[in-house]
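One chain, chain A, links the two complexes that follow: it is found with chain B in the first and with chain C in the second.
Take a look at the complex of A and B:
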């Protein structure tokens, strides 16, 4: 299972703060494509964190079972 | 020192720490929800000099969260009312007020009077101006922002640490502000308090500063998560701006040139000047044929990222006279407005 946590306006688009994907392993690119097809996330500005470390979205990386991915948009309220 | 006795006895502070607070100079950008919390706590703690910059006036819809203000102050400038409220908290405090909005043009001079900048704005565009100016003049800034019941806090450009652009490099997408997304007073209250706390730690040299770390607090379930990030590789950062001349909006309006707006159709504010040509960056490569290679192009967008990309592209295609307008559309608009008023 891969856990994906959502924040800010992305959590509004996904209508949840978190979900688990029934996947053992997939590339970061595949994961982002999957989320984009479900929620159209590419219209947002966001960064990706894997296990609480922010990494470039283009990074070639395999997300494995029990990894925690977070999509972090900038906030603008104050 | 009786006033500060209870904090002086804390480990790591002492009279020397109190002296550090007294000799520190902090600029708070924005006197809204975050600013209303940051300002009184910094003032009460004995910070020596506090600057407040904001061009807004108090509105009724601010009062539920901007707790320095009351009903009878509606219509008055926030900075003056905020200054009156905090000056009483410490007789030794010097307060400087700037009754204007921060722009790429006024930021360098204003920042030069302070050691630490606190971003209490509700505007993504200005955040990039704060980031760029802090990098240019080597000052740290404490970032805080909220989205509904969540808040983010971080410290950028601290002792060579990463900057806001390192974490959010794309300026050409928007994020909703409080007016659009809604906000509860306690959310800005907590996030503003965390910002004031980071500012105190930086000044006192105690604890672990949130440099290279983004804290996200969710007030609906009281969870907080800290995400780590590093400096983006230097090669990907600002390599383009070095090779093009940056000019101010004032300079941009002088002499003959094409003011090239590379923002998408409909982006605000619109700049309606005779010599403005709008070609969004997304279609610039296809539209190159419509541009005169011998002309001088002064390029602008919202905050400077797209104009740099556009200049890079034009340069590759053989255009030679290319300049970037600092402060983008916002500054151009202010400048044309200033010219118009001066003529009248």
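Take a look at the complex of A and C:
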């Protein structure tokens, strides 16, 4: 299972804070394409965190079982 | 892990109490405090009445820990505290409280500004600006 967490305006679009995908492994590109087909996420500005570390969206990376992915809109602390 | 996130606005009593707690630390000669207050920004014909904060808490806590460690490396500090609100904070209320203490004055100014900038840039906190017509928009740090 791959967990995907949503925040801010993206959580609004997905109508959920988090979901689990029944996948053992997929590339980051495949994951983003899947989420885009479901929620049209490319219209939002966001960064990707994998296991709580921000990584470039274009990075060639395999997301595996038990990884935690998060889509982070622009930060607004303070 | 130090507790940073508090539910709702940060009260003046909480801030006063934090100051009082340092009176027993006699190596301190200077404190500096930054308080961020929710502003009634105008959005077209409407005004912001509150900001509702959310966070990715596990990642935020990891990031805040790194920021604390880096601050102690970079500046000569006795202690530092960062508090940030979650949930709804009305205009005029305090949403961030950064409190830096050192033996001497010079470092606390620099450290406070550095810390506030780090929190704004690197900690995953999100802000929903609630308008007076009940509409909302998402805050973006400039």
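Definition applied: the second predicted complex is superposed on the first by the 74 of 78 C-alpha atoms of A that agree within 3 Å, B and C clash if a C-alpha of one lies under 4 Å from a C-alpha of the other, contacts with A are read in each partner's own complex, and residues count from 1 in each chain.
Here, a contact is a pair of C-beta atoms (placed from the backbone, for glycine too) under 8 Å apart; a residue touches a chain by one contact, two chains touch by 3 or more.
All of these numbers come straight from a predicted model, not from anything done at the bench.
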First, second, both or neither for A:76, with chain B first and chain C second: both
Residues of chain A touched, compared between chain B and chain C (which is higher): B
Partner chain in contact with A:9 - chain B first, chain C second, else both or neither: both
Interface residues of chain A shared between complexes with chain B and chain C: 5, 7-9, 49, 52, 70, 72-78
Chain A partner contacts - residues on chain C that touch it in the complex: 36, 51, 53-56, 58-59, 62, 84, 95-96, 116, 119-128, 138-141
Parts of chain A lying in touch with chain C, wherever the complex brings them together: 5, 7-9, 49, 52, 70, 72-78
Interface residues, chain A side, partner chain B - complex: 5, 7-9, 11, 17, 43-45, 47, 49, 52-54, 70, 72-78
Chain A partner contacts - residues on chain B that touch it in the complex: 30, 32-35, 120-124, 127, 144-148, 150-152, 167-168, 170, 173-178, 181, 183, 188, 214, 216, 218, 221, 225-229
